[in-house]
Every structure is written in C-alpha cells, then in structure tokens.
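Chain lettering (A, B, C and D) follows the sequence in which the chains are written, and residue indices restart at 1 in each chain.
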C-alpha cells in the first residue's frame, strides 16, 4: 500500500517470536501481528532493533517479512528495517524486504566503519536512489555510534531522500528540532517524525511528533493507542496518567541481572516473557548469544504485567 | 590446508580491488595476491577491515573468497573474516567462507547490539562450535565498540574455542598481556597472537608476538617480510630502520581531507591509490559511500611511495 | 535563606560577565542579577556550567558568589556550583561558597578520575556530611563522562544525602524516572527535580518536574517565567507556543563556526553576545581558551534576538 | 635546577602517602622520595595521576611540592602536575608549583568543558606564556576525554610552547609518530618524549623514546632503572626479561574487585599497599572517595611483590 504522508499514529516495532531452537515461530508471529492490529495500531515496523534484527539471518529476515506482509499486506503500512553496515549491504536488504512487500524501509547511518557526515548523506542518497519505497532514517546512536542531526535529516528530506525519521536516540532536544523543522520548513512536506522512546510519548506528541514506535507496544498496544488518542485530543491529564502507567510497565526492561547479561538481553527478554505470559507467543526465547532471563526474572515480569493491569 | 599452530609471519589483510562500477575486479585481485605471495608473505587474510568487508555484499564476499582460495588454496593459509553483527549471522558467514575454502575464520565480538562479557564469551563458543576451521578473535574496538581483554581471549583459548587473536586495538598493554599469557600458560598451546598495528610491528615482535597483519603490507609486502625476518633474527637496529621507513610510508593514510571524508575513506583510498600507482590493480575505487580521494590527494600518495623507494 | 523543599520555578544559571581582561565584571554581574530578578525568576544558580565555572579561578569564583549573595541574599535562594574533580576538592569549594552565603550547593560525580557507582555514592555522602546546606546532584555526562541514574539519586535522597537533581543530561527517560520516583516514593519528601534542557521545558514540567535551570534564561528570563506559569496553569497550547519561540531563540548556540571553535565557545559566546546586545552586560568576552565569536557571528546572534522579539 | 633538554631516563610519578585521616604524610613522602632517589631515578614527577593529584586539595598539593622540592631541590629535576580544568585555573596551579620550586610543569588539554583542537592549542600557548618553567603536555584521554595528536604536540614544540610530551594514552602508534617527529624535525630540538605505560617501556625506548614515567616505578624503581639501562645499552634480551618481570608485578593493579570499586582505586590502592608492605610508607590509605582494598586484596599485592622478588 502507499505510505501515508506523513505516517502517523502507533507503529510498534514487531518482536520476532522464536522457537526453542531459535527459528522464527511464524504461528506466534501471526498471533502477535493480530494482537497488535486488534489493539488498534496504525502500522507495523518489522526487522527493527526490538525485532532482534541484528540477530536474525537473512533467511530468517525473509521469513519475517514474508509472514507479516503476507498476513496484513494492504491493511496497514508495513515498514521494514534494512539494517546492515554500509550502502551496498543495505541495498541488498532493501531489495529483499521490498520484494517481499515492505511499504517503507528504515535505514541507519553506516556502522562498524568510521564515517563522516558527508558519507552519511551520500549513504542515504544512494539508498534512496535504489529503493522503490520511501526511506526513513533510523537514529540509534547506542548501536550506530554516530548521531543524525535534525539539520542533516531535514536537508535530506528537502532533497527528496528521506520520508521520515525514527528517533530512538533519547535526545529530545534534537528530536524537537526535527519536529519544528518538519512543521516549519516549506520544503519538507509530509515528512514524518516518529519517536521510539517508550516513556516520553506524551511529551513527544505534545511537541508535535507524528507518531510513536514503542517496543513496549508489543506488550500493551491498547495502552499506546489510548495514549496516542488522548494526546491528539488534547486530553493531557489522561495522557499523562496513561503514560505513567506505561512507564511503570516499562520497568520490566531492567529485570535481568546486569552482572550476568547485557541490557539488550534484559529488555528484549522481558518483552518476550511478557508476550509469553500474556499468551500471545508460544516461547519467550531470545536469539543467541543473548543470555536468557532466569525463571525468577520472568516471574518479576509477571509482576510488572499485574501492576499495569495486564494479567 | 591445515592452519599452522601457531600461525606466524606476515599475513596481510588483502585489499579488495573494485571496478569503476564497484564490482569486485577479480583480475586485479589475482594480481594483488600474486604480488603478496611473490613478496614472501606467510598467509593471506581476506574479508577483513582493510578488505572493505563492511562494504561488500554477500555476493561480493563470495567472489573474493572464491577467487583467492581458488588461486592460492593449499599454497599458504587463507584466513577469512566472518564479519557480522551477532552469532547467527556470523555463523552464516562462517559457512560461506569455509565452503569456499577458508582455512581459518576471523570473528569480532557482537556489534550494533549492546553486549556483555558473558555474551561475548557465549558468542565465540557458539561460533567455534559451528565452525569447521579454527577461529581467531578480532579485537577492533574502533568498529566493534567493545574491548576483548587478554584474560577473556586466553580463557577461551584454553577451552579450545579460539586459535588466535588478531589485535587491531592499538592497546599494546593488553596485547603484551595476551602474548605473555600465550607463552606462559600451559593450557593454550599453539595460540597465535597477531598484531594489526602497522607502525609498531618491531615492538610487537620484540614482545614475542607470532605475526603481523598489516594493511600497509598490501603496498609493500617485501618491507614487512624483511621487517619480520630482522626481528626473528634479533637484528633490532635493522628492524627499527625498516620499521621507520614503513612508518614514513604509512603517513599516506592521512592524505584525505578530514573535513571532506572519514578516516576510513582516507586510509583505504590511499592503500588502493598506492596499489594503482604501483601497477598492481587497475582502478583505485573504494566502495560506497566512501568519498574518493581527489587527484591531488592521489598525487600525495605517490610522494609517499617515492619517499619509501617504491616508485 | 532556607531552601524551599522542593525548590521550584525558574532558577537560571547566571552567566559570569567578564571584562576585556577576563576579570569578573561585578557591575555587569549585578545588572544581570537585577535583570533576572526583575524578570521574575525564583532563584539563582551561580558557578554552573553556563557561568563558565570551569574557567574561573578560585579567586574569581569567590568574587562571583560574594557579589551575587551580597546583592540578593535573603531575597531568593542562591544555589552555587561546587565543581571540582573529587570529594576533597569539592569540599573545599563547598566551604568557600557556603561561607559566602550560598543557600544550596550543586555537585557532580567525580570526574577526571575513573570512578564507580559505589564511589559516586560515597562521594555524595561525604560531600553532604561536610556541607552546611542542601546538596543538589548535577547530572552532566557531556562533562563528567558518567551518568547519574534515577535510582542512585533517589536512594541517596532517601538517605538524606541529596535535596534535588539538576539534570542537564538530555536523557528525558531517566529524567522522567527521577520525577516519578520523587513523587511516588514516600521516602524522598521535598526532593526537587530540575531540568537544564532549555528546549524541552514544557515537556519536563508536563511530566511533573519541579523547575527549570535554563542557560538561555539569562537572555530571556521573562520568557521562561511565562513558560513556567503557563505549564503550572495547564495552559499547554500557550506553553508550547512560548517554548517554540524560545526554541527559535536557542538556535543562537550554533552561530559559532564548528571548524574554528568548540560547542561551548559557541553557546556561551552567543549567550554573552545576546546579553551585551540587550545592554545588560558591558562586554561579551568569554574566558580563555575559548575562541571568541567573530563580528559576523555576533550579528547573527542579533538576528535571533530580533526573531524572538527581544531587540 | 635547569631542566635537561631533552629530559631522559626514569622519572617516576611520585605517590602521595596519606595518613589514616587523609592528610599528606610528609615523613612517608620524604622516605618515598629517598627510596626513589637511592633507586637511581633521573627525576621526579609530583602531582600527577599516580600521585592522586585529582584528589588533593590545593593546600595538600602545596604540602607535596614544598616537601619534595625542599628535600631534593637541585639534586634532580622535579616536574609537577598543574592539573585543572582550563587555562585560568591551570595558570593558578602553575604559579603555585613553580613558586614552590618545580623545574617543569605537566599540563593536560582542557577537560570538563567541551573543547576543540584550536582551543587546545590556544590553551597550551597561554599556559606556556604564563609559566616560568618548561611545559610538558600530558596526554591522558581516559581522564581528559580528548587526544593530543603527535602533529599538534610537535607543532607547539616548534613554536617554543612545549618542552616535552608525557604520553599515558596507551596509543603507541601516535607515540611513535611523536618520537619520530622529535628526532626527525629540525625545528624541535631537545623535545622530550616520555611514556607513562609501565608494561611497554622496552618497546617505547626501542622506538627512541627519551624516558619513562612509570607509576609502578614507585614500587620498584631499581627495576625500571635497570630496564632503562639495558635498553640504552642495546641489551634487548635482558631488557625484555626485566620488562616481563615488571609486567608480572604490574598485575597487582587488578587486585581490587571491579564489582566493588573503580580501576583507579584498585591500581592506586595496590601501589600504596605495596609501598606499605615494603616498609616505605606508614599507611596505605588512598584519598576519598576511593574504596579501599580489603585485607585479602592487600594480601594478594604481597604475593605479586613476592613473585617479583621484592618481599
């Protein structure tokens, strides 16, 4: 389907359910997509960081996009991550996900290599030239180790290179600059600014953001859909209360023992444990080499669900 | 062929010549390999950082390893990088390069994801379990954004997981600790410690390192072979003079204007310009999105070659 | 005077006017304080980052606190930075500023040294034990190179060590966690959470923050006072419009050429140029070794003032 | 006394013994200085990182330089750290230590503030203009969070600004570039390049470094003096054996539990425990807020001493 301009609303990054053998569990993936769609989301983002895309082989990535695009194609927009180190490899990813039906692609700056602002711009220009669908820039300094400035992103939008920004940087100052630019500049019509920061969605929408891409939205899509609606309706007190309930729920990302595993293992493990406990997916396994949550840690995830009224 | 234990000597990371259209130039690649072999090197390392592996598609990577292993297979050991973000993706790379004939694989810690020492260890264990050939750890914090400590590497060697360390960290203190451990510990027989730091090879060999993996060795393999031999013979004054000549030559990595391009573009561009000027490869192009050297910058590369007696 | 618990409202970090010879210009400093007080601010924060405290000698720091406390002492609370590398040096700074009349001190984690969460906690405990006035933690990772987590700060508050948090980290997720903890935990009554991020004040107050410490408040105190009042009154549309005007004004921090000077020089130079152009201070000089703005750059500051209706 | 040009030999950074109450223990400091001088060192460096200068008040710093300069003044050169955040504060430190008799000062780039290469150069120029004694640049990125390139340092040397470089960066590539520049450039006569890296002294001297500033030299000055002599005499096998013995001894820096304290606490705690166990100083206390070694950890320091033949 054609990507709305701008893309708005709640567009969760879809977790990738795995079997105990760490293969993509397509039945669970379909259930998860149904859970999100029936929760009222406005689009889906597959193969992003919350989807463990960094851990999926190309074959598994293909299964994911085939499954999701095959299941919902045309009903709502499907964004797909095209996450790889540099332009030629990203273009291969773009070809794969668009062949399978992605309506838009999400692309980071080059990583692993040392880079330069001029090369980041060149990268996005080449990717856009080779992509049959709109390109969203993905700002994720914790993974990419460089920062996309609002100015660079907006200038590339004005060139017709970028259709939107998915900001998971946690840098709300630069985010607001992007929002103000997207609204204020005449040369970037339809540019979409989306936040990936689960706990400041009310603030981001209050600033004028177009939408939200919350990893935690896998666990509680209805919550984020309500939050989005309250913000759009200017019901700020209701929005804040809903957001604060979600902030409480978000505490689950730290259940994993930091002495024993990385932050990624803890957060993704918690999201999957929550989906498992809620009966959405069949197995909470995360991809290798992430250390799994212990049974006690999974139990604590359950308490977060109960605390947020979800169990 | 069977990997020597330990692997020793000069094992250059082989540049990947490209055509003007940025496809692998196999004729030039074969000439480059011949240039290295006739220069006296002890092994080849393809698909490493100096090979622009981060910029090569999987198809291009296959062309590279097929070409090199096909050309020299059995004559001298061929190490291949299996560079990707996490365990499942690295294992795909391992399968590809070993099917094509790699005698050993070179693997980094996970990147792009946030990780943890326990997960780094788990990663190497799983990769080794899935690899038909010996695994060398690749320490490259500038790209991977985490550091492999000597202790972790040696403990994994003692478990039979790692066959060697390719250290491009520039951290000579930790490097020496790895060398001393490799010599001093009874539980790591045959473990190979290799430095990737072009300008301190005499120092590394003086500490007891097994070998050297110099990007600049593409340009002047004879120089590094002489340097290695002087060090092995205890001819430290000759070694130092040879090393200092190579330090002068290495200055080429900074010909690129830092205001216009990244450090990677400058260094890889210079190596390729030098190979072009020496008549080894047909085209000095680097992969996208690297900014190419200007003609004035290429000219300065020529001056470095002349200064080192290579033109 | 006794520090309000919690401290609320607009508490600008007071710039330190200098003479052309780089001595503290006390006449200008008094005028600046009057400008802020008549603008309606609720407190003053001297010797913070925007005050160039890192550039002031101990003698100059004493002149600043003597001048400000002498001029406004008792009228409104005066917080003073006690910025130094480690506990013993910070305690010397605490003694100096409290002897001169500071009503509260603002203290970072240790810097320059490598540190550890247990040592950060120990540091704040020892500083609080040696301080006759309340201690506010100052979270400024760009300078200190470590992060104060909400959990650590709130636990120290519960121990009676910390009276508040001045957050200039730009990490709004952790900030909100601190705000929610300050409100939700029974063991931290009166704890004050203040943001130093000029461009997201409406968002921070919307989350429940107690107050704001905006460097840009030197230039336009009335603007921040209005913004604060709109937020407190729930006039979110007015708040957003005021905040967006201030976002536009904040653009001045980037007038300085990044190829010629650091970000600090540009931002502090712009604030001082604006105060000079508005007639508040006699000389826009910044401390050594900051590169001064060019006359063209100062002119551009004037355009930002005009754009925000301040000239 | 006049600083030799270049300064050469073993110049240990002198630890600062403290009483149990964390005051400078001048009697122990004098004994430590005698221990170093009788060990054959060529100079002393007080108020550096190994001296815990970041933890000493200005009053304590004065006691240190008064004590050391008063005790050895004129016998051998005394370098003093003038460690503070920016130019004006560094100049105050320079005045204090030179008034007390320092023969040279050691100065870092600005820290805590965001800086820029042009401002780093301006900083050193202003410090040198205000210093009655030669200025050595101190490269310590782990503390200062910026890097001094060989090119910048040598250009400042050519201007007459810098007399030497004390490199504790662990970046031996840049170090070698500084050494080669110091020898190869006609415009930097007498420039001294010193390494602070305890475990690669043989390598550094093999490259042509002028001297060494080893924290571990407090514990075993004779060892470093022997090592220096072997290197100067070209006795590389003896040098390597001596260096490897010292590498073993250096292992003490990791006795402290990383879960309980920072790396600084562990390393400085170990050096002081070793000096205490060897009977040189009266109390092994380190400054606040460093977590002290446990008795078990101190015992392990003893084993390192025994292993190196020092107990």
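What we mean here is this: a contact is a pair of C-beta atoms (placed from the backbone, for glycine too) under 8 Å apart; a residue touches a chain by one contact, two chains touch by 3 or more.
In this text, all values refer to a predicted model and were calculated from it rather than measured experimentally.
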{"item": "Partner chains that subunit B and subunit D have in common", "value": "none"}
{"item": "Set of chains whose contacts include both subunit C and subunit A", "value": "none"}
{"item": "Most distant chain from subunit A, judged by the mean position of its C-alpha atoms", "value": "D"}
{"item": "Magnitude of the superposing rotation for subunit C and subunit D (Cα, nearest 5°)", "value": "180"}
{"item": "Distance between chain centroids, defined by C-alpha means - subunit A, subunit B (Å)", "value": "35"}
{"item": "Inter-centroid spacing, subunit D versus subunit A (mean Cα positions, whole Å)", "value": "49"}
{"item": "Residue numbers of subunit D (touch at least two other chains)", "value": "none"}
{"item": "Which pairs of chains touch, using the document's own definition", "value": "A-B, A-C, B-D, C-D"}
{"item": "For the subunit D and subunit B complex, residues of the former touching the latter", "value": "170-173, 176-177, 180, 197-200, 202-203, 206-208, 234, 236-237, 240, 244, 247"}
{"item": "For the subunit B and subunit A complex, residues of the former touching the latter", "value": "22, 54-60, 83, 85-89, 91-92, 110-116, 118-120, 122-123, 126, 142-145, 260-265, 287-291"}
